[in-house]
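Each structure below is given as structure tokens.
Across the two complexes that follow, chain A remains constant while its partner is chain B and subsequently chain C.
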Partner chain A sequence: MTWHVDESALGRYREGVIDRVAAASLEAHLASCEDCRRLVVFDHDWLKHSWDGVAGRVEPGGSGVVERTLGRLGVPDHVARIVAVSPALRISFLLAVVLVMGFAAVASGAHSPGGNYRVFLVVAPLLPVVGVAFAYGRLVDPAHELTMVSPIDSLRLLLLRTTTVLAVSITVGLVAWPLVPAPSTLGFSAWLFPALALTLTTLALSSRFAVWLAGSMVAGGWIVAMLFALSRGFEAFNTRAQIGFVALAALATAIVFASRHQYDREGSPR
Partner chain B sequence: MTDAELLAAIGEGRIGALRELHKRHAPWLAARLAHRSSDRTLVEDALQDTFVAVWRRASDYRGEGEVAAWLWGIAIRKLIDRVRRNRIPRLERPSVVESAEDVVLAGIAYGDLGQAMARLSPELMAVVQARILDGLSTREAARLLKIPTGTVKTRLMRAKQIMREQLA
Partner chain C sequence: MTVTLTEVRKVYGSVRALDGVSFRLETGITGLLGPNGAGKTTLLRCLATVLAPDTGHLDVLGLDPDRPDQRTEIRRQMGYLPQEPGFYRNFTCFDFVDYLAILKEHVDRTERHAEVRRVLELTGLADKSTTKIRKLSGGMRRRLALAQALLGSPRFLVLDEPTAGLDPELRFRFRELVTELAVDRVVLLSTHQTEDVSAICDRVIVLDSGRVRFDGTPARLADIAAGKVWLAAERPASARIFWRMASGQFRAVGRPPDGAEIIDPTIEDGYVMLVGAAALGTETEAA
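Presenting the complex of A and B:
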């Protein structure tokens, strides 16, 4: 390169007061000359603002690693993107799950042995419900617009996100479970089956209601039912109850399948 | 670090590398985009789209040619996407046109081609800019300029004819 642009010409270029032939040669030069590109003046606040916009879109999950890993495993790009940006993978959700489960585990252990393990069993199954209910929607989802234009239907998307949320919750649950002083007759399934049943019921209700509403109804119903059962001395977590949870999960799955066409793009999952 | 090395680091998922690339290239890309659309918001959005696309597609860079030119190729297409999505049509219009003699660019001789280009009407120049200088396809140029593809073709033909006559 035998010549370089002078700064006054660059200034006129930026202000748009330059004739188009000079603009064209200046542009051609800028595209190939690093030194002259550095001469383009810019506002630092503007640059930061622009970068923040980019950063907010490339790392809503904290990193692109998840997305890349899924991509390497053969998951299609748009699916990987949606899984990666779902709030379940965001640090805040993970932290909340850890905190709540930890709290519930400690709370159940702080009292007489065997007395309050039920605290954990009441609270922990709600976590995936909350995750699913709020994993989807304009308010909480930084990628909502991306989601709406993705070539993927609403139900599949909801199932994808549910899977992600469940994976996170179950992992944390597995870690927390040994801390809970539950009777030895109760296995991890005492937490897992209610969690699955509640989550699937949320999905089933989502065919008719917005997901957040479905989640709220399930959570409210669960809490009321548990308070009622515990105050009356019913055992809500024995083997018979677990069979009931599995049955509820199966019923909910059947409803989701039967009403799969009602999860339209613009409709229920809002 | 060179730009190509930055792209390699971005391909490995290093956000710091993307930030450095953004710092180096966002200013001039923004300035050049602003010469293609007068809508400030569209330009800002297209600029962000560009770096988001780079984050996902850094590995598409084959190591041939200037990274800057590759970036511009993405940026101009992101601008086209934004223009197409935007309901209100806005066309780039050169606001003030100086005479070529007023512009002092150290060492540059405009040459006959520059003189020939200076004779083109703004409409023809816009097509030459999109098709020849920015390397867009007929369809892409049509979207950017919001004119039918047939019009892009005829204007480009007319522009070439005028320039040929000037150079003859």
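Presenting the complex of A and C:
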């Protein structure tokens, strides 16, 4: 080292009035000269905060497609991370939703005219139920136990993931619905209300059973009920039936609210 | 700062995992020993608020885990390392701990990242921040699980087999870290490593068949085998357990024959006497 920083340059640097070129030159020297570094007085807290800020910008995290998309939609980064981690958001689930909805839509049109549109109406409401069953719980989430003992409300976590699953399923369903040769009297609410009712019923049962088990019970019950109804010629998707699904959804919501503290611990609550 | 259990019971079908467990933990490290199936993990899961006991009462840092609001507060003040923590294998170490930091209410990104770096540094994983979890060895994953337990400097640490799979150097480092932390925290450490208990625990609790069989200092646990550990040149017939050492002699624990070369017991010897007696249904002085 043949030169050191002179006092006047150092003084201007400390006061922040030195020009940028001289500052860059001085900093390059400081990086390699411990003697001169000792002369620069700085606030340790400020320095730590600055470094944390830099590290926060350059460190990994939030780089997935889902997180980036949610970020662009204005969702805070910590919420985006919670949603993106959902096991139900794996590519395999998204593909399954698209394929099953597509298959159901095609199958619905296969016997037109008159149409077998009910295939879609039976299958479509099941997809969010399956998605929720794979969104939360010990069997599907490897870090479930760590998640459970965190202070975040488990029901909130489950609802966040359920909302994500519903958003994906409903979007795909809306895209597929025009392909279904349903009578003009039936709107997309014909499958949307059952989907909401079944999903909320799954959540309600999850206060007592594992989510996957609750989902299986609801899906099984739905299939049996639909086979029975359709074989007897009952109309399961008309306006009256839809009012019934809305009522079921409301009842399930009330149960979820009443049981809100039973989602975050195993064992029978006393 | 205390954690108290009073007559805690938990039954799975016909198995009594916990059968009236009572004790009080204070600042410092308490080791929890016991054979497989003794109820250690069930006990730790109850303390960690994962599992609700069937009956009995828990008081964790003055809070009642049966009350939802207080349960949340306990979780804010607790770090938990489960026996088999699961991981998102495609996450990097940093992302995994960062995710759990979010769940622990570290919302501010800059502060959260600083905290994640701190715990990764503490557990010697700073240089693995960007490594995918699927590429980590078992020991590194254990350290990663420990790192998440240390997020937010919890006042109560529940550690289930924290040193399983760690090499000796890392185990020493773990001891150093936990003893530093335990100065002003309650630490409950379940382990099969009696060396860890000897090295760092102020107190040891032995659980067997869901009951507390021993509660005292490691020295007192070792004392259970005082006068019952000896060296023998031949295979000892009266020993409860014995093994051949590198020297060729047999180290035996049990009822020594007359004139046996008695040696100082370790806590492992005391543990063998205690739990062995329970298993055989025979009396020991300590039981």
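Note that the second predicted complex is superposed on the first by the 171 of 270 C-alpha atoms of A that agree within 3 Å, B and C clash if a C-alpha of one lies under 4 Å from a C-alpha of the other, contacts with A are read in each partner's own complex, and residues count from 1 in each chain.
We take it that a contact is a pair of C-beta atoms (placed from the backbone, for glycine too) under 8 Å apart; a residue touches a chain by one contact, two chains touch by 3 or more.
Quick caveat: nothing in here was measured; it's all calculated off a predicted structure.
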- [ ] Go through the superposed model and pick first if A:Ala9 touches only chain B, second if only chain C, both, or neither.
- [x] first
Open item on the list: On the A-aligned overlay, A:Arg37 touches which partner chain: chain B = first, chain C = second, or both, or neither?
Closed with: first
Open item on the list: Tell me the contact category for A:Ser50 with respect to chain B and chain C: first, second, both or neither.
Closed with: first
TODO: For A:His261, select first, second, both or neither according to whether it touches chain B, chain C, the two together, or no partner.
DONE: second
TODO: Determine, for the superposed model, which of the two partners chain B and chain C contacts more residues of chain A.
DONE: B
Open item on the list: On the A-aligned overlay, A:Arg208 touches which partner chain: chain B = first, chain C = second, or both, or neither?
Closed with: neither
TODO: Across the two complexes, find the residues of chain A that touch chain B and also touch chain C.
DONE: 53, 55, 59, 77
Task: Touching residues on chain C, where the partner in the complex is chain A - done: 10, 45, 48-54, 65-66, 68, 71-73, 75-76, 78, 80, 82, 85-89, 92, 94-96, 98-100, 102-105, 107, 109-114, 117, 129-130, 148
Open item on the list: Under the stated contact criterion, what part of chain B meets chain A in this complex?
Closed with: 13, 15, 18-19, 22-28, 30-32, 34-35, 44, 47-48, 51-52, 55-56, 66, 68-69, 72, 94-100, 102-108, 110, 114-115, 117-118, 125, 129, 133
TODO: Over in the complex, which chain A residues touch chain C? Could you list them?
DONE: 49, 52-53, 55-56, 59-61, 76-78, 81-82, 85, 141-153, 157, 261, 264-270
- [ ] Would you pull the chain A residues touching chain B in the complex into a rising list?
- [x] 2-6, 8-9, 12-14, 16-28, 30-32, 34, 37-38, 40-42, 47, 50-51, 53-55, 57-59, 63-65, 68, 77
